[in-house]
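All chains are identified by letter, namely A, B, C and D, in their written order; residue positions are counted from 1 within each chain.
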Amino acid sequence: MPNTFGKIFAVTTWGESHGIAVGAVVDGCPPRLALAAAEIQSELDRRRPGQSDIVTPRKEADSVEILSGVFEGLTTGAPISLMVRNADQRPGAYDEMRDKFRPSHADYTYQVKYGIRDHRGGGRSSARETIGRVAAGVIAKKLLAGVGEGGVEIRAYLTQVHDILMPVEALAEFPTLAAVEATAVRCPHLETAAKMIERIKAVRAQGDSVGGVIECRIRGVPPGLGEPVFDRLEADLAKAMLSLPATKGFEIGSGFAGAGSRGSEHNDIFETRDGRVRTVTNRSGGTQGGISNGEEIVFRVAFKPTATILQLQATVDVQGVATELMGRGRHDPCVVPRAVPIVEAMAALVLADHWMRHHAQTRAFAM
Amino acid sequence: MPNTFGKIFAVTTWGESHGIAVGAVVDGCPPRLALAAAEIQSELDRRRPGQSDIVTPRKEADSVEILSGVFEGLTTGAPISLMVRNADQRPGAYDEMRDKFRPSHADYTYQVKYGIRDHRGGGRSSARETIGRVAAGVIAKKLLAGVGEGGVEIRAYLTQVHDILMPVEALAEFPTLAAVEATAVRCPHLETAAKMIERIKAVRAQGDSVGGVIECRIRGVPPGLGEPVFDRLEADLAKAMLSLPATKGFEIGSGFAGAGSRGSEHNDIFETRDGRVRTVTNRSGGTQGGISNGEEIVFRVAFKPTATILQLQATVDVQGVATELMGRGRHDPCVVPRAVPIVEAMAALVLADHWMRHHAQTRAFAM
Amino acid sequence: MPNTFGKIFAVTTWGESHGIAVGAVVDGCPPRLALAAAEIQSELDRRRPGQSDIVTPRKEADSVEILSGVFEGLTTGAPISLMVRNADQRPGAYDEMRDKFRPSHADYTYQVKYGIRDHRGGGRSSARETIGRVAAGVIAKKLLAGVGEGGVEIRAYLTQVHDILMPVEALAEFPTLAAVEATAVRCPHLETAAKMIERIKAVRAQGDSVGGVIECRIRGVPPGLGEPVFDRLEADLAKAMLSLPATKGFEIGSGFAGAGSRGSEHNDIFETRDGRVRTVTNRSGGTQGGISNGEEIVFRVAFKPTATILQLQATVDVQGVATELMGRGRHDPCVVPRAVPIVEAMAALVLADHWMRHHAQTRAFAM
Amino acid sequence: MPNTFGKIFAVTTWGESHGIAVGAVVDGCPPRLALAAAEIQSELDRRRPGQSDIVTPRKEADSVEILSGVFEGLTTGAPISLMVRNADQRPGAYDEMRDKFRPSHADYTYQVKYGIRDHRGGGRSSARETIGRVAAGVIAKKLLAGVGEGGVEIRAYLTQVHDILMPVEALAEFPTLAAVEATAVRCPHLETAAKMIERIKAVRAQGDSVGGVIECRIRGVPPGLGEPVFDRLEADLAKAMLSLPATKGFEIGSGFAGAGSRGSEHNDIFETRDGRVRTVTNRSGGTQGGISNGEEIVFRVAFKPTATILQLQATVDVQGVATELMGRGRHDPCVVPRAVPIVEAMAALVLADHWMRHHAQTRAFAM
């Protein structure tokens, strides 16, 4: 089931960019969780097009309907079906894409795999598919808010746009949601955010696009989550992130930089702090042996520049004949700011599922 | 089933470092594949300890037995059970680990998750677990050798040890197995390999360790492998790689560097070459929209420095009391060279499984 | 994912009896299959309430919408989302069920499991959930129609209502769809059908209900489907059938009667007939060792009498206090005739999934 | 993974009748469960050949080794690998089976599915495969013994051999293990047992075989186990039972007889008894809506007569040419008595898995 993610808390997404609707079915949700469409809506609004002047002006209200699984405001344990109708369908705008493969898009690979493709706005490969993920992520976040003493808190934000990097020292503290949402670019360091916005606007003016990096920090995760050997927490996070459109890399803790270090520099020394086992440093990024160690989980995701650019590009058509394609339409010159809630949603899905799995194996039977 | 990887071609591994044996069960293997223990053995020998003077001197013959699923030299379609007995058990050598948590190992997290742990040599979290993966990978590689015209070929090698990097221009060509195996460090660029070996020896002399990076290139993969949206080929590769001990990052194609580029620089232009659709460049790394596009698949995996160092380190014991631990025993100062066949094995498992899944969805019913 | 059935060709159903809608997501469907809502509709009409004078008069048009996965009349390989809005919601009619547990319904068990329940019309436990199964089954049937030379044909029908049994000799021939649909009770033996209808009407007049047995015959299944050891074809059929509301038993081939026979009477002797290996008799019911042998698959499913009866019954309320409940509303005095298309749908889902799995393991790699 | 059963508590079996060994890997087992090989051994001895004069005289010690997952007598949460070497291999005895298909065995279907088969003693289709199930079932039973106040107790026994039926009134009480084990035939009603043994001996003397029925009763199951809609408890039990060799049917509670009754007779009225909600009768067989209701779970499984009979039978060879086959070797004239521990093991696997799943969904998050 390639359109399903998770083993116990599982989400299945469906829908195409210019079809009737997109949606998700969340299976395995615990009963008696308060859930209202408005809560899901507010998170969908974070990823919605048209929310600021640096993203696509595509107009989509993205209004979510809860079709099942909630009774009198509470989940029932039954599958939760969520649907968002596609409003701003302009299929005619995509006629050229029917016959030509857009460079670095999924047009060619879908065509060759399936022998057919819904070319309108990328069809199933469109980032609109992530609406279902974000909606499901809201439920996972609500569940996680009740874990441990302070709940699990997930915060993603941009640390890089093109070659503009947030200074490392800017993030001693866990950033607040307000700090992230303060700017359209979702970088909590205001000075860097200003530069990023400027760069995105400049690039857009050139009909070009840029990539970037999202960092995600998660606090409040109890030690013990994640399962050896294949379902390590970082393995499932990596899969979750690389399943997002436009991602090219994932690293946890020290990441690729850690590969250049020595063990004597890199090891996280244990100490007892505030009455429990802690590490002095956190180069591990919150997991050891694939299992959370109670420290902050810290990972980063690399996004490539938006493939659609408003420039003339060479390509081939479905017969393989050389042709040219002029990008047009309403696209984000940088998708990364809108990907922030999606990264958070996927992290929440991974953690909620692992929490339930951990519980099943270690708590169901008293020993 | 956290110890199982794959959906149709699935491997389940079992065993601890100093238990009776380690092994794997491969389920879903096609029938009538010629398979001999000797073939598996020769790949196990690539990851075996004691194979050169830069790896651990632990003596393990690592002799594999095929216990089921093969009849008169051919697979039967039944599960293939593979077992390697642990020979060099020195449990006494690990007594100190019973009570103390080794920094940046999985001792603490296993203890807190399960309330019990086999402390001998890391128990289940030991890299000996990967023996089962390599054994299963041999079968996957054999299957893949029959795909397409020239078969699928997977080649992993080191591009970095500590701060020594192989020059990028050194790899215009797909490296031969002989070039990779020419040195103990498994870097096909001899000049760089010499420096790497020198560095590993120097670090070992200091009782320290270093990390590194493995690059993996795969050629001959037909277009069409990988499934939207969660089981993208790169998502499953990322999960496979981050499920390996000591890994901290994964990137495909342009990876993190791609995040710093513009769309106009990054897009892979299509052309028709040799009668089929190809891309002029390969910044995508062989997949688009999660599906192989017929170009080389290229990814990199970051490994942290070996956590065990022969130095005195502060830590806590199982009661949380501060103590010290002196690393000892037989360890690799750099695990990365021995990880090369493991990376290849995991890539082979991902591809074989996806090939079968692709086939099931697109070829079972003629349409 | 308890609301998902199938491994490669997988259906996930959602929705409650008196919620907004019920639906299904079909994942893994092959691309390029012609599919129109009208085809699904005509099969939904077979299970719809109000279709004859022996079933519930509940008025539901049960109009299906295809929300995704079909483009210009063909499946695309993307998940197919199907939705049927609930029209005839009369929640007030169920107020008494909020506090009282209906005997032999799922009210108590849902309440005790989840601590909450949508009491309206049985909520998730309602047979309306099977709408999604029937819709998905249409797709599976279409796929199977293309298998082998004549396609796979699935025919279910009643052989028993209460104590009225169809004579065994009545079924030498594989019944036609027309013969099954000739009467409202879906028994192809007209004389028996007449008695069944009479009995159902008599029972209804008494405010009572009756059970029955459905037999299902499947022809055209190529030998080789089904997987040892846990996913035997009959094991998956048994699970499929026992997952239907009101089912109490499953038997294949000789079934329970076979337990009373001798090996010398029961064995199916092989012969070569029409150029291929056949069995002279078919007590095995079409599978041996869990794998289809090319003979007709024949199984039977036992359905208990409808739990809702229009009589006063003792019960307890949610506090456990003794009370009484008068069944009312619009119910089938015998659910079995309407279960016929559902049994066929589930059989189709099992076979389509197994066909794809069989293909994946035995045909993906040429050996 | 057709050789894996269970979602959280999962067992994978491997091995052929006359290969090197048979075994199982149990994944998901909770940590800190005391487990010794001797406990597994004593249950294996219940299914072992040669245990009485009415079963096959094949000599197999069936000595189990625990290869992993247990440390100092306790499970660790890591996969438990169990192996039983095949001792009494007499491959020469099976030479005739290489070329001829035994009637009502799996020889033909394996051959046609895989194009190859290990013909020795049935290879993978042999009932020796169930050794792994029984071994895993011991672990499940131990876990279940700790559930609720008195633990979950599973008792299977024969109610029928050929046409000899245990009188229904003989079983008002839950039978003791001692009563079941009192006779070789495992029917707790001594008078019936004596007749069954006599019949089996008579049939064996004729070189023939007979089938039978096992009933299984389970008490102490808390209400709430089982998941709508596809993973109903009875659906998973049905699959478990039909996955056993030689089974032809499954029924729960009233079963097929229930199909012949009226709702007013069949419904289980609720009452409050001993302070909790109970049913007055138990025609439901312990589940309603697929979820346990706290009553005894009662189901029956039909077994066909042993396919191997010591008589000359017509058949075809692998080329499809008509030939004859004389059954010989050491076979059970009735496999049903030895299937008793296997039925219990499968029931235990289903319940342990469902307990863990139930816990995960309803208890992991406090609501």
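As a convention for this text, a contact is a pair of C-beta atoms (placed from the backbone, for glycine too) under 8 Å apart; a residue touches a chain by one contact, two chains touch by 3 or more.
These numbers come from a predicted model, not from an experiment.
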Contacts common to chain A and chain B (chain labels): C, D
Type of chain B:chain D copy interface by residue overlap (half), same or different: same
Geometric centre distance via CA averages, chain D-chain A, whole Å: 45
Distance between the centres, which are taken as Cα means, of chain C and chain A, whole angstrom: 39
Touching two or more other chains - residue numbers and ranges from chain C: 2-4, 7, 13, 28, 31-32, 77-78, 110, 113-115, 124, 228, 357-358, 362
Footprint of chain C on chain B - complex, ascending: 7-8, 28-33, 77-78, 143, 146-147, 228, 355-367
Sites on chain A touched by chain B in the complex: 2-5, 13, 101, 103-106, 108-110, 112-115, 124-125, 129, 160, 162-163, 203, 208-213, 223-232, 234-243, 245, 247-256, 258-272, 276-277, 279, 283-285, 287-294, 302-309, 311, 313-316, 320-322, 357-358, 362
Partner chain A, residues of chain C touching it in the complex: 1-4, 7, 10, 12-16, 19-23, 25, 27-28, 31-32, 65, 67-69, 71, 74, 76-81, 83, 110, 113-118, 123-124
